[in-house]
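One structure follows; several queries about it will come next.
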């Protein structure tokens, strides 16, 4: 088997290199600012994003506004993954939980108070950072997905370290899936609102909150924030969902 | 004159509806109701078809184009003369066969009668559809419907023999059907039309002869299989395992006649005599038919099973029709068209006699039937009449058609075919007369023949009717439905090569 | 602004995401939300198609009001309008069809909710896949379809998880290949909008990258639609999937990528491109091999679902054949075959699921005399199988007619021979099923869910209706094919596909 | 020398390396007998594709696509579109991985193994 | 030094890691190596200027590593 693998690896490396030399250079040079990929749509986004969407972070502008529809379904993929994982393992027996106490072995046990304390300190930091990332998504790096994942990581730490007694653990696998659904629904609802106001789906400029802002373009950050909130809820809940699904059916016996 | 009318469609739909009705309620109601449905549908259908006779005879055509079935081609029905010939016998004989089936199925205590009657009705629909189809695609739809609807009838007994013969039947018909389909597509692409035209729409020389011959063979194959032309006849004898009314239907009314009719349509209405002769297909087909006539007669002589002997007789007689068509002379086409009628009545009589004998006495081998006439004189008499008719004796229906085929072949300068036809008539005599002789012989070979009476009335009456009709047709070919005139009209139209009457 | 294109997706989307929550509050309403929204979406899709047929103009919907190519747009012309109707139709009826299955195992509250949610997402993904006008958005929908497919296959019969896992690996490669193709196109043009791509690609003379993109697309779509050498995942997936969702998976899930392929090769790549001819020939070869392979392989199996699965490989080959012909009749045949085969296969899998539900039948040799016990299912099975063989007057014949017409117009007589051979082979295995159905020995069968269906002859009405509708649709689609061809396809295929 | 190498890398080298990475991923998915490793290799392949897209958006002299005051020229920023696309793709890959792991646990429960050969040996083909 | 060399360097590193993953027999080790791979990928994304993607990759690296490790707990650790 190993021989096959070695041959395969060599063949692939050699093949790609050979093919690269034989075929002409049909891909644009890396870093070429004048390549068609960089000179058609991207200048428009860079030059108009702030004017169109009030979001200095171009990636967020594209992700949440210009291509917000993609992101909706990206969120749906997460929700779907959670539900699917849950459905797949639903019939598998759960490992019965004992009383939660520090000596319980249901969880990866880090021995030693130092590590425990370190993680204990980490959790609030992560939470604060997550909310920062969520709120500042359109201005600086990050966005709903990262915020959700950070929240979920905080939950994970709490869940995995036995001595924490799972204080954040108000989720079961099912409530997590439901919450994820609600997260997606927040997104959809934000998208639907403009439709009552004469706009298209996800047209934040037509959100029915004109009274709160001076210009229609200022509605875009509102819309982006709302959908990022939905994404956050969904992603957090889904990651927790999959975690719970996998964790509750895993025995930690060593 | 063209008459837009839904009558052709109605004639087809009647029995389809009857089939659906039988399927839906068949198992829930009494057999009388179920068979009542069949009979009523048969009568309505016959009435519809016969009601069109006078108008068509006067040179009119009923045309029905309900909707486009594929891009550029309508589902189209047209009652031309040739179609009327086939439609009349199919719908007329359905009544007879239905009555007979009731008697046979009850006398024999068959199972699955609901499916039987439903499939029978679908078969008849398809037969009428084939008769009235105005273009190849409509024709093909009903042709394949017939194939599928006949399958449950062939495999009616659902035992291993039935399964085997069902498979054989499907193998022959489906393969030939698919090849037929390919040819239709090719013709549509090349000529842009599929409308049946008396005299054909394919001009001689419009394609290289070789390619046209291939197309011709592909198309004829579809008809030849159902008509049992010799290398493709294998399914027919083995389909004999089916109940006798089915055999009667297969051999006399729907299936093999549909095959013969297919040959007629392809040769005379698609290719036309000119192109068929030019590409060499006509010659090929006529030689095949000649071989079939001789060989099948020889095989028939050696069969002891009555139904098997009749089956080979059918193969031979059907090749008369094919020969008549492929001689490509007007008179022979007339004869072929009329032979569809004549053979229908004669062969259905024979089969119904065989069935009646089987149900009443449970005898199927000829050698055990000695002295049958004593117990079943009427049946034996009718059998005799029909046998003589098959052989082509004057005053019986077979004579009219054979005479015309021979006349056509003679005028076309084909003395060899004339000789074959005459020889074949003698051969037919030689395999059917011995049966008659055994029937009327003094020596009684089975004890069952000494007691008991005739077959039940439901079987006897149809037999008598068909025997009488075949006599009437022999004396007055134009009686009642003017079937001879129709055949003549068809032959005339083909000879003149008029354009499509649509 | 006409919101119908997006509403078709949004209705079931709301149903799908809220289904777990609603089920938590009230178990019955979660299911009803999904079924209701799917039917609403079906109604909307019909309205949309009627509008398109009336105006003859494609409908554009700009997401977020951003004009393409900067935003994502939905483009709905005649062809995908009708495919959307198909997906919504079958999706709605499949959701109806599955309710007895979910009621039969009420042991877990989430089970039913999750099932409906996933099924609904499958429909959403397919709807999006057929309506989107953006190449990357198509990838996202592809992943939605794939993920829900994994779920529905995994929760099926005992070998479901492993079939799903194999599909997951293969499907991910397929999706990544598609993404690669999009990457190549993006690198050459800088845009992702399909209409814009088509315009931009005409201008560039970089042939290599187009060929590469085409190759990636063939692999990507080929895996998703189970085209011959890339079909490995399909037979186990179709035979072990959740029986109630199998009609959707087998009937529709492999057809929509075929439509996507068609769209890419005719709307985006120019069919007159020098490389296109080679590519079409390759697709043709794949199609021919697939048709023969699928039909031959189906002969070997006794398991009803396996037979159907392998026959799907052959039937997908028909569609690919139509694509490779690249003329009007070939494309019409391909689109018609997408429609007709969707109904045929869905219907056959409905019958398969009904058999499983009623008697737990998996193998054809258990079928003896079953038509006496389940007359409606038996009749539907016969009609649908005859259509699969391609006999008139059922739908299968007519799509074959157009394919053959296209093949002969292109002078590809060999393809016609392949079509014929495949018909005959499928006749063998379907008539074998008929023989067993009508002539097999009667088996002693016990009700699979005796408690739920005590003393009833057929399966419940909710399952009968979809079965009957599939069978009726096959007939209607056959007899009324010119309605579709003349009103919808003629204009759209000529304008959209053949420019 | 460095110039030549740089030119080569920019024109072909980076793409070659990316494709090698992708090839290795696909190869691993096909050749590794262990399902877990197949999943890991799947992730490798996805990383390669994501990176491929990102290189398409690379710009010499461009900076992160977050607008800085007073600079609105297109040349100053990297193309943000591939980044947005790849964010989506990356999330999809996480979802797929989650489902794959759930499936693996289920397979382990049914078959007691996640080795392809052992599962194939247990009558899978039938 | 131009950025492109860094890119190439990290790509080669990733290739090396990938080869290791293909050949390694211990699944837990594979997972840890995959963690390194994820980190390398993140660095690569930063180098090409995709900070958002890198951020996501970093977060996902954590999440998927945790998933992998938990899954390995219930699946056997050795592989053929």
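Per-chain residue numbering starts at 1, and chain names A, B, C, D and E are given in the order in which the chains are listed.
Keep this in mind: contacts are C-beta pairs under 8 Å (C-beta built on N, C-alpha and C of every residue); 3 or more make two chains touch, one makes a residue touch a chain.
Remember, it's a predicted structure, so these values are computed and weren't measured experimentally.
Undergrad: Could you work out how many touching-chain steps separate chain A from chain C at minimum?
TA: Each step joins two touching chains, and the minimum needed here is 1.
Undergrad: Going by the stated contact rule, which chains contact chain B and chain E alike?
TA: Per touch definition, common to chain B and chain E: zero chains.
Undergrad: Using mean Cα positions as chain centres, tell me which chain lies farthest from chain D.
TA: Of all the other chains, the one whose centre lies farthest from chain D is B.
Undergrad: In terms of CA centres, which chain lies closest to the overall middle?
TA: Most central by this criterion: C.
Undergrad: Tell me which has more C-beta contacts between its two chains, A-D or B-C.
TA: A-D
Undergrad: What's the farthest chain from chain C if centres are computed as the mean of the Cα atoms?
TA: With centres defined by C-alpha atoms, farthest from chain C sits B.
Undergrad: Roughly how far is chain B from chain D, going centre to centre by Cα mean, in whole Å?
TA: Roughly 69 Å separates the two chain centres.
Undergrad: Between chain C and chain E, tell me the centre distance in angstrom, where each centre is the average of that chain's C-alpha atoms.
TA: Going by mean C-alpha positions, chain C sits 37 Å from chain E.
Undergrad: Could you tell me the distance, in whole angstrom, between the mean C-alpha positions of chain A and chain B?
TA: Each chain's C-alpha centroid was found; their separation is 74 Å.
Undergrad: Taking each chain's centre as the mean of its CA atoms, how far is chain D from chain E in angstrom?
TA: Chain D and chain E have C-alpha centres separated by 10 Å.
Undergrad: List, in ascending order, every residue of chain C touching at least 2 other chains.
TA: Correct list: 136, 140, 143, 147, 150-151, 154, 161, 164, 186-187, 192.
Undergrad: At least two other chains touched by the same residue of chain D: list those residues.
TA: 9-10, 14, 20, 24, 27, 31, 33, 55-59, 62, 65-66, 81-83, 85, 87-88, 91-92, 94-96, 98-99, 101, 103-106
Undergrad: Mind pulling the chain A residues that touch 2 or more other chains?
TA: 1, 5, 9, 13, 27-28, 30-31, 35, 37-38, 41-42, 45, 57, 59, 66-67, 70, 74, 77, 80-81, 84, 86, 88, 141, 143, 145, 242, 246, 249-250
Undergrad: Output every touching chain pair, sorted by label.
TA: Result for touching pairs of chains: A-C, A-D, A-E, B-C, C-D, D-E.
Undergrad: Going by the contact rule set out above, which residues of chain D touch chain A in the complex?
TA: Counting only chain D, the residues touching chain A are 9-12, 14-16, 19-20, 23-24, 27, 31, 33, 55-62, 65-67, 72-77, 79-85, 87-88, 91-92, 94-96, 98-99, 101-103, 105-106, 109.
Undergrad: Which bits of chain C are touching chain A when the two form their complex?
TA: Listed in rising order, the residues are 1, 3, 6, 10, 13-14, 17-21, 24, 61-66, 69-72, 108-111, 114-115, 117-118, 121, 124, 128, 136-137, 140-141, 143-144, 147-148, 150-151, 154-155, 161, 164, 184, 186-192, 200, 204, 206, 208-209, 212.
Undergrad: Could you please specify the touching residues of chain A with respect to chain E in the complex?
TA: Counting only chain A, the residues touching chain E are 1-2, 5, 9, 13, 30-31, 57, 59-60, 108, 141-143, 145-146, 149-150, 152-153, 156, 160, 239, 242-243, 246-247, 249-252.
Undergrad: So in the complex, which bits of chain C are touching chain B?
TA: Interface residues on the chain C side: 329, 332, 379, 386, 391-393, 397-398, 401-402, 404-405, 408-409, 413, 416-417, 419-420, 423-424, 427, 431, 435, 438-439, 479-482, 485-486, 490.
Undergrad: So in the complex, which bits of chain E are touching chain D?
TA: Interface residues on chain E, with respect to chain D: 2, 4-5, 7-8, 11-12, 14-15, 18-19, 21-22, 27, 30-31, 34, 37-38, 41, 44-45, 48-53, 56-57, 60, 63-64, 67-68, 71-72, 74-76, 79-80.
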